[in-house]
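This is the structure I have questions about; it appears just below.
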Amino acid sequence: MQKTTRPIVAVVGGGVCSSQEAALAEAVGRGLAEAGATLICGGLGGVMAAACRGARSAGGLTIGVLPGYNAADANPHVDIPIVTGMGEARNVVIVRTASAVIAVGGEFGTLSEIAFALKLGRPVIGLGTWELARAGRPAPAIVEAQTAEEAVRLALGAR
Amino acid sequence: MQKTTRPIVAVVGGGVCSSQEAALAEAVGRGLAEAGATLICGGLGGVMAAACRGARSAGGLTIGVLPGYNAADANPHVDIPIVTGMGEARNVVIVRTASAVIAVGGEFGTLSEIAFALKLGRPVIGLGTWELARAGRPAPAIVEAQTAEEAVRLALGAR
Amino acid sequence: MQKTTRPIVAVVGGGVCSSQEAALAEAVGRGLAEAGATLICGGLGGVMAAACRGARSAGGLTIGVLPGYNAADANPHVDIPIVTGMGEARNVVIVRTASAVIAVGGEFGTLSEIAFALKLGRPVIGLGTWELARAGRPAPAIVEAQTAEEAVRLALGAR
Amino acid sequence: MQKTTRPIVAVVGGGVCSSQEAALAEAVGRGLAEAGATLICGGLGGVMAAACRGARSAGGLTIGVLPGYNAADANPHVDIPIVTGMGEARNVVIVRTASAVIAVGGEFGTLSEIAFALKLGRPVIGLGTWELARAGRPAPAIVEAQTAEEAVRLALGAR
C-alpha cells in the first residue's frame, strides 16, 4: 500500500491573543488546509483555536496536543485531541511531529517551541513573534513573514 | 460550532507477533473503523501495523504515537505519525488519548500500557494477553474477549 | 577524577498502603542505605514515604521523582525532589534511573513500573506484589522475595 | 522529622563551549556549592561538565538529568544521573526542579530552557547568553549578570 503522508505543520502562539493575531492565525490555518497540510498545535485557545478554526473552514484536519489530562480541554475546532498529561513537555511533541513551525505572536511558551524547533532543525516562520540576539547582534534564526500567505508558503517550501 | 468527536480506541500489542495475533489485530482495526472509531497505537510493526492495516481497509483513520525521533519509523498504514522522542513514556500518551484499550497478545511494553490504562480508569479488553493475580487469586481487571468483534463491541460499549 | 557511582535502586508501591507494607518498605529502605545504595521512588506517600524514612534512618540519600508541579508534594523524607510535571510518565524516569526495582504491594501504577522495568531489562524483586501469567501459566518475570533483607540482597546482587 | 531542603539551582548552557564559558560555569558551580545549593543540569559536557566540576571541587552535590537511555552518558562530575530517555523533554524536568536558572552562553537547547523557566516563573540569570526582543524592543526577562559570583548571588537571592 502506498503511504501518502500529508505535511504536518505546527502553528504556535499564545493561549490568549489579540484580535489581530487571531485573524492572522485563522488565515494561516486556512492557508495550510487549502495547501493540503495537516495542522498541529497545542489544542487550547487563542492562536491555537483561531488556527484550528481556519483550517476547519477549509476542510483541513486539526491535531491538538494537550498538556493536561482531559480531551475536553481541546478547543472546539480540534479533530484529534492527543492527551499527554505531560504539561509543557508536550511542546516537544508538537515540534517533533511537525515539518515546520509558524509562530504567531506568543509568550514564553511559544518561545520554548521556537527554541525546540530550532534545536531540532525545523524551520521556524515568525509573524510578529520573538526576536533573538546574542551579544547585541541579531541572531536571524526565525524567518520573518509579512503575511499569513507568505508564512504558509515558506513553511511548506521549507520541507 | 458543534464539536463532533469520534471515539479514539487504542490497540496495543507486540512489535513482533504471531500470524494469529496479526489476523486478530487486523480484524480489530477493521471493526473499529467500521464502527466509526479512530485507531491509536504505538505506530510500529506487529500488532500495531496489522491493526492499522485493518482500520485503513475499512476507511478508518490511524494515529501512531512513535517512541523515536522520526516519522519514517511509522508503519505504512499510519495516517498521522505523532513523533514523541520520549521512548516508552509515549505509552502513557497512547492510553490517555484513548477512551478504551484493546490488548492483543503482547509483551512487557503491552503490560505497561495495560497497567497505565487500568490506573487511569480506561477499560482494557484482552485478546490472549496478560493475566493478573494477587496473592494467588486472579485480579480480573482485564475484560477477556473471545473474538475481535466482541473486543470492539466491548471497547465501544464501555465508553 | 574518579567517578564513584553508588547503585541507585527503586522502591515502588502504593501511595496508600497497609501498616505491614509500610514496615516492609521501611526495612527495604534501611537495608538499601546500609548497603550504600541510593533510593529512588515516586516521592509521595505510603510505600514511598516508608522506604524514604527507612533510608534516611540509616543515613541514606533519597530521590523522589514527582508526577506533579511542586517540590512540596514530596514526602518529608525525600532529600532530592525531582519535579517532572509529567504525571504517570514519571514512572519511566524512576525505572530508567534505577539498576533494579523492588516492588512492595502496589496497585496499577506499581504494575506499570514493574512492566517498564521488565521491558527495560531491570531486575524486579517483589514483596507481596503482582503475579503475572499468560494463557493460564505463571510468567515468572518477578523474583519473589520473602523478607526485606532478601529483597535488598537480590536487588544489589542483580546489578 | 524536620525537612531541610537545600536550594536546587540549574546551570544550563552548551554541550560544547568556549574555554571562557567553561571557566565561568566552573566558577558558578563552585559558588553554588559554597553557598550550600545543589546543582542540577543536563548532565552532559561543555558548560554542564564544567559547572559540575566546580560544584564538586567545593563539596557540592550534582544532579544530571540525561536525555538518553544510559547513566554512563553523564559527565564524570555528576553524582546523581537521572536517566529520562525523553530527549529534549528532559529540559522541562531540569527547570521545574530548580528554583532558579543560570544560563552560561548556550545555543537553542539552552534557549528552550530559558523559555521554560520564564514560562514557569523561575528567575533566569544570564552570563553571555541569549537576548530577547519583541517588535524591535528588548524584552528584559533575563537578568544579566557580569560575574559568576553575581549570578550565584542573584539566583539564590531570587528564591
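Note that the chains take the letters A, B, C and D in the order they are written out, and that residue 1 is the start of every chain.
Following the convention adopted for this analysis, a contact is a pair of C-beta atoms (placed from the backbone, for glycine too) under 8 Å apart; a residue touches a chain by one contact, two chains touch by 3 or more.
Nothing here was measured: the structure is a model prediction, and the numbers come from that model.
Number of steps on the shortest path from chain B to chain C, with steps defined by chain touch: 1. Taking shared numbers over all numbers used, the chain B to chain D interface scores over half, which places it in the same class. Greatest centre-to-centre distance from chain D is found for B, with centres as Cα means. A straight line joining the Cα centres of chain C and chain D is 28 Å long. Each chain gets one centre point, the mean of its Cα atoms, and the points for chain B and chain D are 40 Å apart.
The set of chain D residues that touch two or more partner chains comprises 69, 85-89, 92-93. Interface residues of chain D, counted against chain C in their complex, comprise 1-3, 5, 8, 38, 53, 56, 61, 63, 65, 69, 71, 76-77, 80-86, 89, 92-93, 96-97.
Interface of chain D with chain A (complex): residues 86-89, 92-93, 107-109, 111-112, 114-116, 118-120, 128-136, 139, 141. On the side of chain A, the complex with chain C involves touching residues 69, 85-89.
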